[in-house]
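Labels for the chains are A, B, C and D, by order of writing; each one numbers its residues from 1.
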Amino acid sequence: MSTQIEPRKVETELVGTPAPNYLTNGFGLKSWLLTIDHKRIAILYLVSITAMFFLGGLFALLIRLELLTPQGDLMEAEMYNRMFTMHGIVMIFFFLIPSVPAVLGNFLVPMMIGARDLAFPRINLLSWYIFVIGAIITLSAVILGGVDTGWTFYAPFSTTYSNSNVALAAVGVFITGFSSILTGLNFVVTIHKMRAPGMTWFRLPLFIWSHYATSLIMILGTPVLAIAIVLVAMDRLFRFGIFDPALGGDPLLFQHLFWYYSHPAVYIMILPSMGVVSELVTCFSRKRIFGYTFVAFSSLAIAVYGFLVWGHHMFTSGQSIYAGLLFSVLSFLVAIPSAIKVFNWSATMYKGSISYETPMLYAFGFIGLFTIGGLTGLFLAATSVDVHVHDTYFVVAHFHYIMVGGAIMGFLGGLHFWWPKITGRLFPEAWGKFAVLMVFAGFNLTFFPQFVLGYLGMPRRYHAYPDEYQVLNVMSTAGASILGVGYLIPMVYFLWSLRYGALAGPNPWGAKGLEWTTPSPPPTENFDETPIVTEEAYAYSKEEPEIVGGKQSTRASLR
Amino acid sequence: MLENFPLFPTQASTIAGEVDLLFFFLIAVASFFTGLIFLMVTVFAIRYRRRASDEIPKPNLGSLRLELIWTAIPLLIAMTIFGWSASLYFKMARVPDDAMDIYVVGRQWMWKFQHPEGNREINDLHVPVGRPVRLIMTSEDVIHSFYVPAFRMKMDVLPGRYHTTWFEATKPGRYHLFCAEYCGTQHSGMVGSVIAMEPRDYEAWLAGDTSGGSMAARGGKLFNQLGCVTCHVPDGSGRCPTLVGLFGNPVQLITGEQVVADEAYIRESILQPNAKIVSAYQPIMPTYQGQVSEEGILQLIAYVKSLAPASGETPGTVGPAQATPGTNPASSSQ
Amino acid sequence: MSEASSPLAHHFDDLSQQKEATSLGMWTFLVTEILFFGGLFAGYAQYRGAYPHAFEAGSHHLDIVLGGINTVVLIASSLTMALGVHASQLGKRKKTAIFLLATVALGLVFLGIKAAEYTHKYHEGLIPGAGFALQGAERQQMLFFAFYFVMTGLHAAHMIIGVVVVTIIAFQAWRGRYSPAYYGPVEVTGLYWHFVDIVWIFLFPLLYLLGRH
Amino acid sequence: MSEHVVPLRIYYTVFAALLFLTGLTVFVAFFDLGTLNTIVALTIAVIKATLVVLFFMHVWYSSKLTWVFVGAGIFWFLILIAFLFGDVLTRDWLPTAVGWEGN
């Protein structure tokens, strides 16, 4: 199936003048803003989501500073409400959802499966432009006075009672949703139709499996959020009264439509990072993943089950008791695939040869913090405990453990792991390790006290609180400042490494995977000729695999 | 800052202890698995650290037995937690029948309470210890959420609907009342307290200020003021169905359906009269949307409740007595 | 999807891979459209179940004849689009363009009738919002009209996009851009058009045929 | 989708069937069948939609993958409907206290 492309002459690599690669293939603004090369689009995304991450982080720091004192005297209530709303919107829609898929996914999905580019390169660029337009519109809502409905836009507050620019923010989020849809569409078609010869489904790296599952969620979930946002905008701009209780409108309909997308959205945020961690754990243990098919199918299971559980966000909202119990039992089931993944990662390290480079430290951090995040999810799935802890800081701590402890740790681990491939430069290892420890310490100091605050009953989104909660809030704010600095350090040494970093060879970590067979940074069309895949993923050793834990796995052909 | 620094909420209601028990079980499960994973990762990371830079470990294959083990055990634990939490949840949802009613109206940034005896309070709610209290709650504008951490209970308060929840205080004292669903600028200001008192003190407090008479009395005044009495004549001779003995009993509609006349039915009939029309009657009732406040509707409902038939014979409105199988005779509201 | 010169895009191995990818891409997009409209249908179904009386009264205000004509117009446009794709498969350049232009014409007829209905509703004051004519107990019909305008409005928006795209494809077919080996864009536009027709196939009975007895 | 060229007569028969079904659904709407009206209207609409999908959109002749994609779209829509109505229809069922007989 692969036509022969005449092999390019590779000039001898003179020191200082790198072989022609995708970064040197055209300079100037036009070559970046009109590129259809998936690698350059990945870098465009990297720049834009980093900017959004630090903006969201700024809002977070302001919130934490406000909560230092019980009376909440740093800013007025309106300002605080706008702060946490924008923190939510910017962090979720403009950082967490695009981060791993749009940066690492865009860069690596074609390379890992041996393709020259995504199926629809121009739609890929369109997806970035839609992201930027959505960001501009949403941020213009901030400049014009902000939006104070929380990132959840609950009706009837968002439709009738809020007097902030909800419609503008709604349009911004609506547009950004399509950027995520188009990315998902691109990945699904690419993974189905453009795998290199020999790259069967069970030889795919687990990074690809997790991005395939993420793309399913992006495609099947995002449209329902889009329509929910359209209905809010209609209600607000034209008084259609769809969610107007006086007419008989049902605010719970909005919550159903909203959470139908927004719960699977948390799996959009965590699944790609799980893919990254699978790559990191296998590379730095120099071993094949333990139970490949189980880890691969658990990604799909999370994507599918993820759509059956959204009601656990509405246990106390007046949703029927019987529907609540149904969502509760399904929410317990959705925790099982995550548990399988964590156990398999740990088992991969068994009898491995583990090295502690920075990406692996991020993987350790991910496994630890994601486990705590996942297990506290069981508290929220149990209806009777959720009645007490719903909408309190217990929930805030839970989802930050998964988002910040899981998704961002995974993103940073992946960024460090593939940075040499993306830029051809190595980052300073010592600073990298220091940053991980700082992030880990700052994170735990910020969010663990919030579990205690939550069970004590401090509600979310409060800018003033009773005095007895102050000590825990002060600890959390202290942690937030350490976390903030911890995130700045990688930004600094990544930029530094662009100029002064050591030149990275094609495979600085000795990892397996088609992307490591190309020079770094890779040429524009990735491979001189389409690679033929003969072995399964992460085949670090050629010896016969021994059997672990007795009975031979039924999938003997797993080899 | 350090003198009042609790780490665990007080237990002041009957179900608080049971919820905390399930909470501790969950903490035990969570810390066990976190410890297990932490131990596994640390031990493997140290024991199998890379000794030589070109060291390639012997590969090992996945094992179905292990996979089944760490699927079945988490599943088993998850289902036990679910069973326990579901039974407790039913107990929280089922209102004991000897509960006393209190009507709650949430509006942007205050809680308004009405006791059937007539007492009206804002943000502070006096309740007796040792008696189940049923809260019938609605909102005048956006979604709020009635949350008392010490009682481990929380229920959202939706505009246009009645939500029912209950608690039974066990320890006298003053407990925080929060609004837990974001409701606008002063969301964090919409706080109050629930004051649990010994029954004797509660009775004394109750007798204190019944200025305007009981809710049913006020409802009766409103019933006349709004002109309802012209059609809803007690002996059924008016152009509209009589309301005597209506509450809690089934009503036959022109569509052939049958519904139970609970608070929600009465409220809907006041605000959207054409939604459910009683059989053998014309849809001539005007809407009172905007002419009567939420408190007014609650007072009218209390009045209708008080119109129980004097001798307890079958109620005036036509319609078979037993409830249709489909809809449970809903206790007091949706 | 490809440069003007050779139809094969640089990153595809051959034309059949490109064709399959294009079709799969459009089908994935149509899945997002199913769920986009699905959210609306779910809301409509809940409210109709809760307020059947108000929805039937609202439906009586709609003109069933115009709705019926529109349904027939759209089904006919689906036929002409299918024949257009058929013609492009056989490489008949002129026939493809003619059929596609027929589809565009029928689409414009549909939009014309829709515009007439909307202006009629405007004069009757049935546009939901501040100017909604019905008051008192009848006001609940505003929910029906809210869903009517959002659903048919969204459908009309998709029609407009469809008309524009089909016109472009018809023009390119006229210039001989497509051949039996490369007719992906024609077929993909056909898939989109048929989907928009299917949405109307569901909208017509759900909005126009309520309580007509 | 496929290289398969669909014979014209199939298009015309499907077109005729769609017109007939449209007429049928309008005709049936004028009879009072109670809740059956909605069911009949929806069944006819589903039949019409299936005809368009299978023949006009060539799904009948295309790969299993396309069937899976179409099926997934419909199934996820049904998930939304099922769980939404799972809540809406049972929202009024409260576990009544034992021995409830009016206030």
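Observations
The rule is simple: a residue touches a chain if its C-beta (ideal position, glycine included) is under 8 Å from a C-beta of that chain, and two chains touch if they have at least 3 such contacts.
Values in this document were obtained by computation on a predicted structure and should not be read as measured data.
Listed by label, the chains that touch chain A and also chain D are B, C. Contact analysis places A-B first among chain pairs (by count of C-beta pairs in contact).
Geometrically, the chain at the heart of the complex, using CA-atom means, is A.
Averaged C-alpha coordinates give centres for chain B and chain C that are 45 Å from one another. Rounded to whole angstrom, the centroid-to-centroid distance between chain C and chain D, based on C-alpha atoms, equals 17 Å.
The distance from the centre of chain B to the centre of chain D, with each centre set as the mean of the Cα atoms, comes to 37 Å. Each of residues 90, 93, 272, 275, 289, 334 in chain B touches at least two other chains.
Within chain C, contacts with two or more other chains are made by residues 20, 24, 28, 31, 35, 38-39, 42, 46, 50-51, 54, 139-140.
Under the contact definition stated at the top, the residues of chain A that touch 2 or more other chains are 192, 220, 224, 248-250, 252-253, 256-257, 260, 318, 321. If the chains shown are joined wherever they touch, the resulting network links each chain directly to all the rest.
Residues 192, 216, 220, 224, 250, 252-253, 256-257, 260, 307-308, 310-311, 314, 318-323, 326-327 of chain A are the ones that touch chain D when the two sit in their complex. Partner chain B is touched in their complex by these residues of chain C: 51-54, 136-140. Contact residues on chain A toward chain B in their complex (touch as defined above): 72, 77-78, 81, 148-150, 152, 154, 156-157, 161-162, 245-246, 248-249, 251-252, 285-288, 290-294, 316-318, 321, 324-325, 328-329, 332-333, 335-336, 339-340, 342-344, 346-347, 349-356, 364, 367-368, 371-372, 375-376, 378-379, 381-385, 387-388, 390-392, 452, 455-457, 459-468, 470-471, 474, 540-541, 543, 545-555, 558-559. Considering their complex, residues 91-103 of chain D touch chain B.
Touching chain A in their complex are the following residues of chain B: 1-2, 4-9, 15, 18-19, 22-23, 26, 29-30, 33-34, 37-38, 40-41, 44-45, 48-51, 55-67, 70-71, 74-75, 78-79, 81-82, 84-86, 88-90, 92-93, 108, 141-143, 145, 147, 149-150, 152-156, 158-161, 163, 176, 178-189, 191, 271-272, 275, 289, 334.
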